[in-house]
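Inspection log for the structure reproduced underneath, given as structure tokens.
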Amino acid sequence: MKTTILIHCPDQTGIICSVTGFVHSQGGNIIYLDQHVEKASGELFMRIESEFLDAKLSVSHFKTQFDKELTEKFKIKWSIHTDETKPRMGLFVSKYNHCLYDLLSRFNSGELAVDIPFIISNHTDLEFVANQFDIPYYHIPVTKATKAEAENEQLALLEKYQIDFVVLARYMQIVTSKIIDRYPNKIINIHHSFLPAFAGAKPYHAAFKRGVKIIGATGHYVTEELDAGPIIAQDTTTVSHTNSIDDFIAKGRDLEKIVLSRAVKLHIQRKTMVYNNKTIIFS
Amino acid sequence: MKTTILIHCPDQTGIICSVTGFVHSQGGNIIYLDQHVEKASGELFMRIESEFLDAKLSVSHFKTQFDKELTEKFKIKWSIHTDETKPRMGLFVSKYNHCLYDLLSRFNSGELAVDIPFIISNHTDLEFVANQFDIPYYHIPVTKATKAEAENEQLALLEKYQIDFVVLARYMQIVTSKIIDRYPNKIINIHHSFLPAFAGAKPYHAAFKRGVKIIGATGHYVTEELDAGPIIAQDTTTVSHTNSIDDFIAKGRDLEKIVLSRAVKLHIQRKTMVYNNKTIIFS
Amino acid sequence: MKTTILIHCPDQTGIICSVTGFVHSQGGNIIYLDQHVEKASGELFMRIESEFLDAKLSVSHFKTQFDKELTEKFKIKWSIHTDETKPRMGLFVSKYNHCLYDLLSRFNSGELAVDIPFIISNHTDLEFVANQFDIPYYHIPVTKATKAEAENEQLALLEKYQIDFVVLARYMQIVTSKIIDRYPNKIINIHHSFLPAFAGAKPYHAAFKRGVKIIGATGHYVTEELDAGPIIAQDTTTVSHTNSIDDFIAKGRDLEKIVLSRAVKLHIQRKTMVYNNKTIIFS
Amino acid sequence: MKTTILIHCPDQTGIICSVTGFVHSQGGNIIYLDQHVEKASGELFMRIESEFLDAKLSVSHFKTQFDKELTEKFKIKWSIHTDETKPRMGLFVSKYNHCLYDLLSRFNSGELAVDIPFIISNHTDLEFVANQFDIPYYHIPVTKATKAEAENEQLALLEKYQIDFVVLARYMQIVTSKIIDRYPNKIINIHHSFLPAFAGAKPYHAAFKRGVKIIGATGHYVTEELDAGPIIAQDTTTVSHTNSIDDFIAKGRDLEKIVLSRAVKLHIQRKTMVYNNKTIIFS
């Protein structure tokens, strides 16, 4: 069995030694350790991948012992994840299919170690894609009047299917705190990004009008402040005056799908830790 | 002799044919023609590089004939530049030397076909660099109280030395309309750029705090609205949580110097045309 | 109707003027003209997009007139393409699905203006993908012994369905001159690329062993010399010592699919011209 | 005092714990730890930055204790570096100045924590740059006949000035094993790199002829096999058919100087470890 342990605690003498020593004492062989110290605040973040080969690890026993020996002593917030249970991913889409296709084709190829119990959409446009991949599709329309009710329906599905994290694959709707609060740093969104940024409803048009030479996309966790949550992944590509607005948008789509899939993969691999609206992305 | 002709006019049937025909009639051999039509407004932008081999071209005769035959007819705004006169570049710096060194070392290598009559600075820190490269250095201090007077001194130098365009190589001071109006789309500035943008005095710190994964730099013409002028060149590079603020700034310096030099080179080669706060950058 | 005209001829005085004048005389409004002169050889390459709005263009009449007035005079090789007929694309695949999914999802979104009459494969692995997208799938096994016969079958299908160009979407088989000669500069392949290059059967393993920091992919036309045909598109991404071979290959897959789709799109848009094993890629 | 410790040993249970415990026992506070396990060979590489604040660290005492307690036990190859002694860098150049200027301007700005006792060149072309920066310049001509003798002179200077590592800033001469053997993984070179690679004397011309869309540069340690040593840093940039050979070379120069300076900086910061012709580059 392979485990990934994520640790967050005040930086202090002996912490790495104590944790690695504990893992060894439980029969684990550390195959990757990466750590980061936020100097300003003196906080330590650590990610440890271990293999438990000889003995079958009892996760619950590991947890109990870890808490007894380390949690209090070092004031550790931690979690352990094994490769025996796949995280369950909820997919929200609207009308654009490029991110959806990219995620589902990777899923189909075995590149994403998740379960995808369903796809939720406020439109019926992409039901045919869900059918192509044999995934249940729930059409939950959203209007101003029905938004609260729609989110209740969404939450009910998220709970019924024991969803671990949510991916907004160009969902195009604002998700409210009702859902965000239940999935803190567990909802991943993709949005276009520009240098400099352009506010308002049609950023590609604004960027085009300004004649930018680079466009980008940002994959991030959703927080209540719109598009301002912790950044997981970003990428950029070049554009020029020869590109039409349609070209801008097409190039944006390519960025969006690659960056969103990259962010989702980092999340699944437990390579992301969030701290103060900022991410540590382990390599 | 080699000439570059820049043309801006309403798009219309026969314009390319008429202009290229005229150049041929004057003994010119077109070695590069690039054109761009802004579809929304129906405006044509064209850049033509020609060689005049057999005969010695009389530029003034060329101008007169062009105006007579084409300017009115097609409502053309145009300019002609020959490789026999080098543009004269005014350099403004403050305390940072990375952009200055990059420009001067390229200048020294013959990569930039300009004259650099002087360097102006509000500080004395970089006088030694000017000395290294044997370029006159004018120290014009700028305070709130003396800003207007300082700009008068700067203008006097720009005029005395018949400066064609100005490069703000990390000048760190706002240039007012008093100077901008005299050099429209002829003052080049470099500034850091982020996805998303961060307002305020310390953008690198803000970007660091947000945990961005990409930083960028933008070379642009200076307009009255701060850092909002037509974009000439941009580039980005990746950063991560392992980078300190100092790393961010160091990576930013590398971007700034390369992007500024690239923008300056495009300007010198007459590959930039400005239209509605947007650039056409010919290749 | 929109047309794209591609022209290749010796560079000569008056050629641009004559061609643009001809297009106008036929009722065409030029919306994009891009040209390139290979200075070493004095050859001109030109791409002209025009709209024929008022009158219905007779393509055959246009061709006859063009040949009469221009072809001989300027020694032009040329072709005209209209948006009224879609090119027919033959897809060859093997066992990897990332490029196939990327192409088909773009096709489904209307991003690729082609017809895809069938998918050919030497394996049955991807038949389910063809079924997902309702495209006929021909399984033509290839062994050393049956290679010649298999290519005959492939050729028969290419002809039967009047295929205009072929895309090898990770086909993993060498295509011989029997097919290449029938589709010169009309077969597009994708292959991984490294700095420096690594020969042999397992280039990702070799690159990994050397500890490269950048990997790339190249989309190119197939010629008889393996992986040495004219390059249409390339891209790179960064890797590090923290990446396993599997990571290298996964990052390579992302590059491959994006670069192949980009190359296919450029081909469909008639933005590629080949000359001496080199491409002109219009913007 | 700040120290950097580099460790290379067989991967084994308890090694991280033992080493970090030892650093603490000597009064060190670990501010960064990064480690990498080569799974294929089971080798561990670790880099530890520590601060010794309260007490003045005796490096020699630290070394003795480390050897006594850890070196034999874990079969560790290791080194310790403090920020109290700057490495001494020998600079070799030929006729191109872009890399030289880039390194010297960074040096002047305090970005490179080294001493540069001299510049060696086989030509006199860049003596003026050395003079600009007040660095002694040794002109040692190299011909086929005098190569061995020239290398003896170079070695004598390297030894006299106690050079720690050498940077070939576009030196354009092959350095033989006579020098390489004395500075294993301590000579840094920069060379252009292409996808695919082009052999022979004029790679930019070959890449131009093939119509590549991306060019690159590789910074690497020099080994006896030409341009095949462990890679420290790489970067790429885009080119197109509109670029002349001169443009290719100019873009190459920009890559070369940035990538070489990046490689030099990584070396100075002790972020590189070499293993089997491959580098571990710590972040």
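Think of it as A, B, C and D in the order they're written, each chain with its own count starting at 1.
As a working rule, contacts are C-beta pairs under 8 Å (C-beta built on N, C-alpha and C of every residue); 3 or more make two chains touch, one makes a residue touch a chain.
All of these numbers come straight from a predicted model, not from anything done at the bench.
Visitor: Find the chain most remote from chain D, comparing centres computed as mean CA coordinates.
Guide: Result for max centroid distance from chain D is chain C.
Visitor: Give me the superposition rotation angle from chain A to chain C, based on Cα atoms, as a multiple of 5 degrees.
Guide: Rounded to the nearest 5 degrees, it is 180.
Visitor: From the mean C-alpha coordinate of chain B to that of chain D, what's the distance rounded to whole Å?
Guide: It comes to 35 Å between the two C-alpha centres.
Visitor: Can you list the residues of chain B that touch 2 or more other chains?
Guide: As it turns out, chain B has residues touching two or more other chains at 39, 240, 242, 283.
Visitor: Touching chain A in the complex: which residues of chain B?
Guide: 36, 39, 193-197, 209-214, 216, 218, 227, 230-231, 233-236, 240-242, 244, 276-281
Visitor: Residues of chain A touching chain C in their complex?
Guide: Counting only chain A, the residues touching chain C are 97-98, 101-102, 105-106, 108-109, 111, 132-133, 240, 242-243, 250, 254, 258, 283.
Visitor: Given the complex with chain A, which residues does chain D contribute to the contact?
Guide: Interface residues on chain D, with respect to chain A: 13-14, 16-18, 20-21, 24, 29-35, 37, 39, 238, 283.
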